[in-house]
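Listed after this line are the structures, all set down as structure tokens.
After this come two complexes, each holding chain A, first together with chain B and then together with chain C.
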Partner chain A sequence: MNRILAQCGKELNQFRRDRLTVALAFVLPLAVLLIYGYAIRLEAKNIPLSIQDFDNSPLSRTYVERLFATNQFVPAPLLGTVPTAPLDRGIAKATVIIPPDFQRQVTAHKPVTVQALVDGTDVNNARVIQNGLRAATQFFLRSSGLLPPQAQSPIEAQVRLWFNPGRQESLYIVPGIFGVILWVFPSMLAAIALVREKEQGTIVQVYASDLSAMAWLLGKELAYLVVGLGEALVVLTVATILFGLRFRGDPTVFIVGLVIYLGAAVAFGLFIGARTGNQTGAVQGTAIAGFLTALLLSGFIYRIENIPFPLSFLSNVIPARYFIEITRDAFVRGTGWPGVWYAPLAIGAIGAFFFRLATRILHRMQFTD
Partner chain B sequence: MTATAPRVTPQTATAIAVHQLRKQYGPLAALKGIDFTVQPGEIFGLIGPDGAGKTTTFQILAGVMEATAGEVTVLGKAPRHARLDLGYVTQKFSLYPDLSIEENMRYAAGLRRVSATAFGERARTLLQRVSLDQFRDRLAGQLSGGMKQKLALCCALVAQPQILLLDEPTTGVDPVSRREFWDLLAAVAADGVTVVAATPYLDEAERCHRIALIYAGEIQQIGTLGELRDSLGLRRMEVRATPLAQAEAALRRFHAEGSLPGGEGTGADLPAPQAERGGMRDPAIVDVQTFGDRLDVMVTEAAAGERAIRAALADPALTLTDVRLDEPTLENVFVNRLRQRGLDPAYVDFPAYRSGKEKGGTAIHTRQLQKTFGDFQAVKGVDITVRYGEIYGLLGANGAGKTTTIKMLCGLLPASGGDIQLAGATDNLNRSEVRSRIGYMSQKFTLYDDLTIRQNLEFYCGVYGVPPQLRREKIDWVLETCGLVGRENLITGSLPGGWKQRVSFGASVMHEPDILFLDEPTSGVDPLARRQFWRLIRDFARRGTAILVTTHYLEEAENCNAMAFMVAGAIVAQGSPSDIKTSQPGQLIELRSRQIQAASDLLKARLEPWRVSIFGDRLHLVLDHPDEELATVRHWLDSAQIDQPSTRPIPFSLEDAFIGIVQRAEAS
Partner chain C sequence: MSLLRALTQSRLWALILKEIRQILRNRQIIFLLLFPPTIQLLVFGLALNPAVNHLSLGVTDYSRSPDSREFVASLVANDVFEIASFQPSVAELGQEVRTGQISTGLVIPPDFAENLAMGKPVDVQVLIDGVDANTAGIASGYIQQTINRYGQSLRDLPALPVDIAVRFLYNPGLLSSWFFVPGVIGVVLTLTGSLVSSTTVIREKDVGTLEQLLMTPAMGWEILAAKIAPLFVVLMGDVLLASALGRFVFGLPFRGNYFLFLALSGVYIFVCIGIGILLATISRTQQQVVLTSFFFNVPLIQLSGAIAPIESMPPFFRVLSFFDPLRHYVTIARSLILKGTSFAVLWPEVLTLLVFAALFLGVSIRLFRAQLA
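Moving on, here comes the complex of A and B:
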């Protein structure tokens, strides 16, 4: 135990002396937090929309006002008479064409066709625009009392948003970023620390003693767990200030989960470090593996249920997936242990597996040919 | 003349026993079955070029790598189980640059289960002994090479090992620190610690009790310095004559007529000296080599040798100034041994198409040359003059400012102050007219590892503007000199260091530059290749090329016509090798004693410590007034009851001269 602590102490001493590593540990995570926290917006807002109003009557103008009254659309110039021109030039995502007899037909209670041309390049947003236009039209009819009362549906769905009533997107994104940051950076630091011993030849000194691979790796594990906790504290504090994150309910599951998650990240880093021979390899290995899996297969942005087989199976062994469940629970849902009790267990199992792999690789504590 | 092993630990007769040790890295055999034993308390030297298998041997002895075959016992156990009784200092020192001296030692002690209480005491004693105790909190990354080396030794000694394994701990470190280090080792060995050390410096090898010469994964020879010299069966004569080139030619002609019909003294087809001695002819002269301003002639026997030399030089055009008998060096032993094994590469003349510059004109001249990086003064006012046809050596430890100086002279780095005159140009040295007249071979060979040898050479022909019709011939020359004919399509990255160095040299001289810069051209190269390399360099100088060469091997400086020694960015001594040695005041005395350590301790206390150093079972003393002082020394030793069977004056080596210069400068 003493030897493990001695390892850990030496590792922390080295860490704090190396300014570049300290910067890597604290500045980069914050940069990632800010970039992702502010850059990722999944909900479409301020979509440029052009209008070609052939009617130009009071009613058609009210309709147009109605469309822009939702803060979803902003007006874009039509430029000329061709309705597809703004789409071609990319200044509008949709054009709405109102026919000349719009007011006459509506007041005569005759059906009228309004044409909407939607840019389908961005599949998701095309659907959002489509729904937005329909909803706005519907609302316009109701609010102007144009819809016959018998068309009122007998079942009224009364919707209330749970957990995040204000539909604050940062509440969805930021807890997910924690999953990415707190995986990628601790693992990268641990991998670099291990590989540096190989590069500088200091590992020979360790080989030439009777220290076991287990004790050596545990010392590093412990040291970088401490560093990881420091990173977590900084990132959480900044996120609380900038994005207004607050704990909902019992924070213990988050605290336990965080420690286990950081431990697993460090173990993964040690595994990569044990496998590679130089710092470039260590950084690339942890960064690519970490970012790809934590971004794409963890449910951070894309729903896990949408991931097709066999990649869906892979997502089950991505620790970030479980940790993001924990963070979303801690900061948004607030259900506590009953909701996510299995997540810390799953992360722990995966972390133990990586640590075991690392000790397996180094178990001889000798040079390999 | 057997080595005196100071103390024998009762439980084991031998400290290390190696039998038929083999190591295979894939298709490459690094060790081809080596045998040796090391006695407790002995200093055992492992000498050989890079790639000979030294590091592999150390790694197996230290238990950090498995052998492919063979038996290795360390203190009667498998190396892996003896690890806690071993101290292992690697070439890179295995220190943590971000940790302080004390933290490094504490960590090393913890790895070897030294208790915290024992550590405090031992760390203090050790650090005091190497005079590092006032720097305890300094980070290892900020230490000089000499200090790092001492710290690495302390880290190894803190666990009080029975065996110390030192893998080239002194490479690139300044001579003063190296000598201090070996004095420490002698003291450690006298305490009963067994020391196995590898070194590329042959003068350091002379400080071992026994020496093993290792080459290409095989041990060529083992013995004490005396045994190795005796086995050579040759004597070395230092000959000074003018003009030197004609004298060498005359001697070569003589020994060519005597023993090598038709040969131009390549040495490759030299018969073994034993065979020669029994022969009917009297080929007293076996080998001739130019060293800067003198010739080294290997002869079978002193008197006959001198006669033969005088006869060969009995030409009125030649003036023979001095013939002196000296011990053969370890280099002579090594070279001779490798030649007997037929490992000498063939020498091929360089096809030259234009004559070089007029000899004697100034090629390089600097005045108060300075370079500052931030607030660090790397070069502090250097004045040198190199003439065409001259080999000029720039010597110093790693970090003394040699490479920075060369880079400024080539125009690769702007100077912060002072004047440079290069090939007649004084400013804008980067111009292509100037560049086409200089050749530069850097420390790290600038060859493309993923191209073949031929592609590399073709590339450099193109870069230097060698006329297309001449390219084939030049490339063929390089290939032939390097023994690479038929292998020109090998990938350069797969070549051993020595070969790469020769290809690299070939690439840098293909355009026949007037001025040649060679930055550490021979580090890690075996003695035969090194010899051939110097011969090439001399050929170029004779044709009028000015050559500036840097090295941290002082022995190599003997090849230069003139030299400058740099310490911390400044030149502390300048002149020809002979000038520097003869300008050294006093005399070097070799003293033999059975109580060598006690004698050294006593004399170090009475004289300035740098004047005393242990060389195996001999003591070297620098005395300014030997006539009076020697009697005093003898008296001191007598009153301490230390026996002293013999003393004799020996000539200074360049190393001795520099240590004297540096130490005297510090004292005043």
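Moving on, here comes the complex of A and C:
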């Protein structure tokens, strides 16, 4: 035990002396937090919408006014007579075409169809726009008294959004960023530290000493767990201040989960470090394997259920996925242990697996007498 | 012919051949050129999917009538919702939402059937887990529309006085990969291009062969041109690889002029090479290159609109994104691949991209040469 602690102390000393690494360990996570935290918003607001009103009657103008009344859309110029032109140029995301006899047909109680051309490139917002246009049309019918009394639907949905009634996207994105940052950076630092000893040849001393591979790795694990906790503290403090995140309910799941998660991240880094021969490879390995999986297969951006078959299997063994469930619960839902009890277990199992692999690789290299 | 001979006998040509041989011999670079781009394109294209379907729906039906059952059946008819469980009471339903087992809950009141029969309005309660704000928004829109339509269908009405028919242009099937893959082609070029070009430059710095090169009679510009030309060629190979994957794995339509796409991708590659040389100039070792590349690549990618739409960013970041060369390339790629836009419409973006290419390449070459002197 003393040896592990001594190793840990030595490791922390080395870390502290390398200015560049210290800067990267704390500046990069913050940079990522700020950029992701502010720039990832999925739902477009102020969608540019252009109108081609062939009718130009009082009723059609009321309709247009209603479309813009929800503040979801902002007017965009049509540019000429081709309704697809603003979409081609990207200055509008949708064009609504009102037919020439709009008012006449409506007053004659004949059904009219208004055409909407929607830019389907951004699939998510195409759906948002479709919903918005339909809702605005309903609103127009209702507010202009055009709905016959029996058209009022007898069933009314009272929708309540739980946990995040204002639908703030930052409450979804920022807890997810914790999962990405606290996986990528601790593992990268640990991988660099291990590989550096290989590059500088100091690892041979360890092989020759009677310190076991396990004890040596545990020392490193502990040291970078401490560094990771420091990173977590900085990132969480800044996120609390800037994005107004607060613990909802019991924070113990989060605290337990955080320590296990950081431990797993460091173990993953040690594994990559044990596998690769140079620092560039180690950084690239953790960056590609860590960043890509934590970003794309963890449910950070879109629902994890949407990941198709072979990849969905992989997403089950991505620790970030479980940790993001913990953070979203801790900062938004607030259910605590009954909701995510399994997540720390899953992360712990995956972390132990990586640690075991790392010790096996190094154990094989150790001199035996 | 004599021009060709002059070229093949020139010093520049000899240097280019040397560079090409160096690249081909470097396993790491060949690996970097082929493996990460393929994986990134496939994972981005397959894993990122904003679809809102098969949302798990829990039902508490206090009415337990044929009417209420028919109502529930109508909600799950279009695959947006999928019944996950029936719960005896609201408390249990709420607990399921809280523990994340279901994302939507529906509560049907006991007097549902009676009130409907008597023509009285009925309120049903819908609980939606709002943690995923985006999905929750779309889901709540869907459920309200579906319930409305079902309600109206109960009273045989004439058609609605005004209906809106929505047609999706460019991507009528709303395939999410069509949105992401053209953007990710740009992301892949940025990551691979900057990394590969910085690696080839820094290696000579690392090993010290750069000094040897400088001792030869070759001019500074010749050394650099000889470095850039083969990089350009291998990165164009990546463009071909990426567009082949896009075409044959994801079925991208490539509606615009493909040669224009290649030419503009070529312009963007110069931007990436510029970033790579810049990285190699400000770093001393390969490891530093990889770490500092984070500082460039994360904002470059995030502000480009390749992953999250630019329109939804806060105003400050929207303005900032104009200074992101990748943003302009992503716009061009999406326009040419999905929309089939012509050059006449695209030229402002093309011009911006050219300016960026000249700027990045110019600045990085100047810094690099200053460092050599």
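Assume the second predicted complex is superposed on the first by the 363 of 369 C-alpha atoms of A that agree within 3 Å, B and C clash if a C-alpha of one lies under 4 Å from a C-alpha of the other, contacts with A are read in each partner's own complex, and residues count from 1 in each chain.
One rule holds in what follows: a contact is a pair of C-beta atoms (placed from the backbone, for glycine too) under 8 Å apart; a residue touches a chain by one contact, two chains touch by 3 or more.
From a predicted model like this one, the values you see are computed outputs, not experimental measurements.
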Practice item. Return fit or clash for chain B versus chain C, each positioned on chain A through the superposition. Key: fit
Review point. Between the C-alpha centres of chain B and chain C, what angle is opened at the C-alpha centre of chain A, expressed to the nearest 10°?
Key: 80
Review point. Can A:Q14 be said to touch chain B (first), chain C (second), both, or neither?
Key: first
Practice item. For A:A116, select first, second, both or neither according to whether it touches chain B, chain C, the two together, or no partner. Key: second
Check your understanding: Which of the two partners, first being chain B and second being chain C, lies in contact with A:N71: first, second, both, or neither?
Key -> neither
Check your understanding: Thinking of the overlay built on chain A, is A:L211 touched by chain B (first), by chain C (second), by both, or by neither?
Key -> first
Practice item. Could you let me know whether more residues of chain A are touched by chain B or by chain C? Key: C
Check your understanding: Which holds for A:R3: it touches chain B only (first), chain C only (second), both, or neither?
Key -> first
Practice item. Figure out whether A:N125 sits in contact with chain B (first) or chain C (second), or with both, or with neither. Key: second
Check your understanding: What is the contact status of A:L28 with respect to chain B (first) and chain C (second): first, second, both, or neither?
Key -> second
**Study point:** Nearest-approach distance, in Å, of chain C Cα atoms to those of chain B in the combined model
**Key:** 5
**Study point:** Touching residues on chain C, where the partner in the complex is chain A
**Key:** 28, 32, 36, 39-40, 43-44, 46-52, 54, 71, 97-100, 115-116, 119-138, 140-145, 147-152, 154-155, 157-172, 174-176, 178-179, 195, 199, 285-291, 294-295, 298-299, 302-303, 307-309, 311-314, 316-317, 331, 334-335, 338-339, 341, 345
Study note, to complete from the structure: Residue set of chain A touching chain C in the complex reads 20, 24, 28, 31-32, 35-36, 38-48, 63, 84, 87-90, 93, 96, 106, 109, 111-135, 137-138, 140-141, 146-148, 150-165, 167-169, 171-172, 192, 278-281, 283-284, 287-288, 292, 296-297, 301-303, 305-308, 311, 315, 325, 328-329, 332-333, 335, 338-340
Check your understanding: Within the complex, which stretch of chain A touches chain B?
Key -> 2-3, 6, 10, 13-14, 17-18, 200-211, 365-367, 369
**Study point:** Residue ranges of chain B touching chain A (in the complex, touch as defined)
**Key:** 24-26, 59, 62-66, 80, 83-84, 86, 88, 90-99, 103, 106-108, 110-113, 139, 155
